[in-house]
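Each of the two complexes below includes subunit A, the first together with subunit B, the second together with subunit C.
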Partner chain A sequence: MNEKEMLYQKRLERYTTAMDCGKPDMVPVAFGIGEWIVKYTGTTLQEIYYDLDKSNRIVSEMLPGLDFDIFKGGPSLWWPPMFDALGSKLYKFPGMGVDENSTFQFNEQEYMKADDYDEFIASPTEWLVNHYLPNISTELENPGSYRSTIALIKGAAAFAMQGGIMGAAWAKWTVEHGIVGQGTGFTKAPFDTLGDALRGMKGVLLDLRRRPDKVLAACDAITPHNVNCSLAGAGADTRFPCFAPLHRGAYPFLNPKQWDTFYWPSLKATIEGMWAKGKRMLFYAEGDWTPYLEKIAELPDKSIIFQIDTTDPKKAKEILGGRFCLQGGVPTTLLTYGTPEKVKEHVKRTFDELACDGGFILDTGGVVMGDAKKENALAMIEAAREYGVY
Partner chain B sequence: MLTDALSIAIAELEEQQVADLIKERLDSGVSPLEIVNSLQQGMAEAGGKFETGEYFLGELIMCGEIMQDSMVILEPLLSGSNAEYKGNIVMGTVKGDIHDLGKNIVVMLLKGSGYNVIDLGVDVSKEKFIEAIKESKAPLVGMSVLLTGCQESMKEIIEGIRAAGLTTKVLIGGNYIDQVVKDYVGADYSAQAATDGVKIADEIFA
Partner chain C sequence: MSEKEKLLNPDPGVCLPWKVKVEEIGEFPGNEEIAKKEWEKLDDFAYNFIWFWAQR
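Presenting the complex of A and B:
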């Protein structure tokens, strides 16, 4: 085993021990190289998004100087050319719809209408192909047409190209720098699939009062697809958790009764369905989930890693600690408005409060954007090593 | 305590009942302005329920939707009547950010409380904010931002407003807004919850 392989094994051990609620040799730390690198590399966000080779090169150059355990990835979350090939209305990308240094954003609309529920519920994927794709893509407006067929081929090719480029980059980072990736696969809460992508926030909230049965039936119809998605997209890997960004279940969108009735049962079924196949979820609870912690504690032990964003960390520890690994601890805004000293102090305090008996991964609460300062990001991982030895 | 049936119906989110009552009252000659006042009182009640934790955002959005549907009927009938606003407020999501859910809820609550809201939409530039403030002479401007990466743009807009010599009060809101951000961008007020906007406006326009 060479030095990098040993490093990889050591980090992997730390990560898996923490995931299983154990106490590794030191607190594992998760880190992403986010959009903030743009400020320090004389480039624009548009270049970073469109030119994957450039973005990956920047990551490759930075990695040797950074000591962390779990890599959350570089700044290129999406590769816009695939969306451009389809004439996608879903996102605005840097330089395409927003300023060249503004981050990507989701253009939320009622892409699925209230009248579409029955057809959707009868066969979700068929409805997606026949109606959703034409709704969200200018190039796919006329399914089966010359233009639409070419666009589909181009889009599929772009998707495969991105997969190839990113797969090669991750392989290089693993072999040359001994880094361990955070997760494999991508899924969502069924209610979020419906509320984010299809009906939109307002649409789904109104549906809760106007057509509650349809919402429930749709969530049930989505559930097996979301279980499958978590494993299919991960090539059936079960060592690492599947990333699931959770949105509409955050406080205070839904009242407790709505949360219990509409949000939770299908998400719980998704998690249980995944766990039955050995797949864990990175329960990326964006926003505040404090009022729902007791419900979340009903899940099978270790079936999720709970991400603490603006959820009360002490309550999360009290209610979920010991049975589920917790990840987070550093408020995202601290990396922008803090100083390295403040970040270090905070990391030390976080370890005292949350990490003491294991089952904890240090990370920023939410997604770190272009506003973060490099010195603060580096201070976080330095402090993790300084104070993180058990 | 509400006593008016229409106010109660909208506060309880009874969509059909609201529609029926509006029709009934218009048919019997009640002035559209009076009907709007009843609806506004009901909305204020819904806002109060949000503050006490009884209502969540889902209920506020539903209430706003009922109000909006009602106004489609009532607004054309209002012209000519002496609808008096409490004052002008300019609102928008700052440049670079296209999120509008939070802003729309606040706009809806402000309108429901009797303010004239000039809603500039999303991705609003410094120039557009300044122009709208000058034109409306609004004593208050509300700015929304979700993405932390766009807080810098909020700061630039506020600096621009000050550089233009405008003394309009600036209220900011958004998921990651706190005292630190407020101080950094140079805002006068920051809102933590959906209903804070109305409270702050009432303070300024008192």
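Presenting the complex of A and C:
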């Protein structure tokens, strides 16, 4: 076993021990190289997003100088050429809809109309193909046309190309830098699948009043697909958790009764369905989930890693600690507005509060924004090594 | 709605079930399992591509 393989094994052991609520040799640290890197590289955000080779090269150049355990990925969340091929309306990307150094914007619309519920519920995959794809893609507006056919060929090819490029990049980072990836697969809460991309926030909130039974039936129809999505893109891997960004479940988008009725049952069923197949969820609880911690504690032990963003960390530890691994602790705003000294103090305090019994992974609470300072990001991982030894 | 256009309501991970395709083919003189295995891999790829757009 060479030096990098040993490093990989050491980091993997740290990660898996913490995921199982144990106490490794030191607190594992999760780290991502986000959009903030752009202003230190002489490139534009557009280049980073469009040119995957360049983006991956920047990551490769940075990794040797960084000591962390779990890699969350590089700065380009999406690959815009795939969206451009279909004329996607979903996003505006840097240099294509917004300024070349502005982050992407989600263009939320009612891409699924209220009248579409029955057809969607009857056969979700077919409805997505027959109605949703043409609704979100200018190039697919005339199915069967020359442009539509070409766009589908290009879109599917881009999906495969991106998978190949990123697969090779992750393999290289693993072999050359002993990197352990955070997770495999991507899924969501069924209510978020419905409320984010299909009905939109306004649509789904009106539906709670006007057609609550349809919302519940749609969430039930989506649930088995979201269980499948957690494993499908992951090649059935069960060693690592599936990333699940959770949106409308954060307090106070929904009131507690709505949360209990519409959000939680299908999310819980998704997690239980995944766990029955051996797959854990990275429960990426963006925002504040404090009022729902008792409900979340009903889940099977170890079936999630609970991400602490603005959820009360002490309550999360009190209610979930010991049964579920906790991850987070560092507010993303601290990396933008803080100083390295303040970041280090915060990391030390976080370890005292959350890490003492194990079952904890240090990370930023949410996605680190483009205005974060590199010195603060580096201070976080330096402090983790300084104070994180058990 | 013609016979071919009836809703399939495919399972998760499936777009066009092999059993539908094989019924259309009729007699299968070779090893069906070889064809089925590769069909299902591509079908799963298509499924992931479709659901990718709904999981934004």
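One rule holds in what follows: the second predicted complex is superposed on the first by the 390 of 390 C-alpha atoms of A that agree within 3 Å, B and C clash if a C-alpha of one lies under 4 Å from a C-alpha of the other, contacts with A are read in each partner's own complex, and residues count from 1 in each chain.
Rule of thumb we're sticking to: contacts are C-beta pairs under 8 Å (C-beta built on N, C-alpha and C of every residue); 3 or more make two chains touch, one makes a residue touch a chain.
This structure is a prediction, so every number in the text was calculated from the model and none was measured.
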Pick one for A:Ala122: touches subunit B only (first), subunit C only (second), both, or neither.
second
Kindly classify A:Leu208 by the partners it touches after superposition: subunit B alone (first), subunit C alone (second), both, or neither?
first
For A:Thr332, using the defined touch cut-off, is the partner it touches subunit B, subunit C, both, or neither? Pick first, second, both or neither.
first
Between subunit B (first) and subunit C (second), which does A:Glu35 come into contact with in this model arrangement: first, second, both, or neither?
first
Which subunit A residues are contacted by subunit C in one complex and by subunit B in the other?
none
Inside the complex, what are the residues of subunit A that reach subunit B?
35, 92, 98-99, 102-103, 105, 107-108, 201-202, 205-206, 208-210, 251-255, 258, 287, 310, 332-333, 336-337, 366, 369-372
Hey, which residues of subunit B end up touching subunit A in the complex?
13, 15, 55-59, 61-62, 65, 95-99, 101, 104, 123, 147-152, 175-176, 178, 180-181, 184
Subunit A - residues contacting subunit C, complex:
88, 90-91, 106, 122-123, 125-126, 128-129, 132-133, 136, 155-156, 159-160, 186-188, 193, 196-198, 224-229, 232-233
For the subunit C and subunit A complex, residues of the former touching the latter
7-15, 44-56
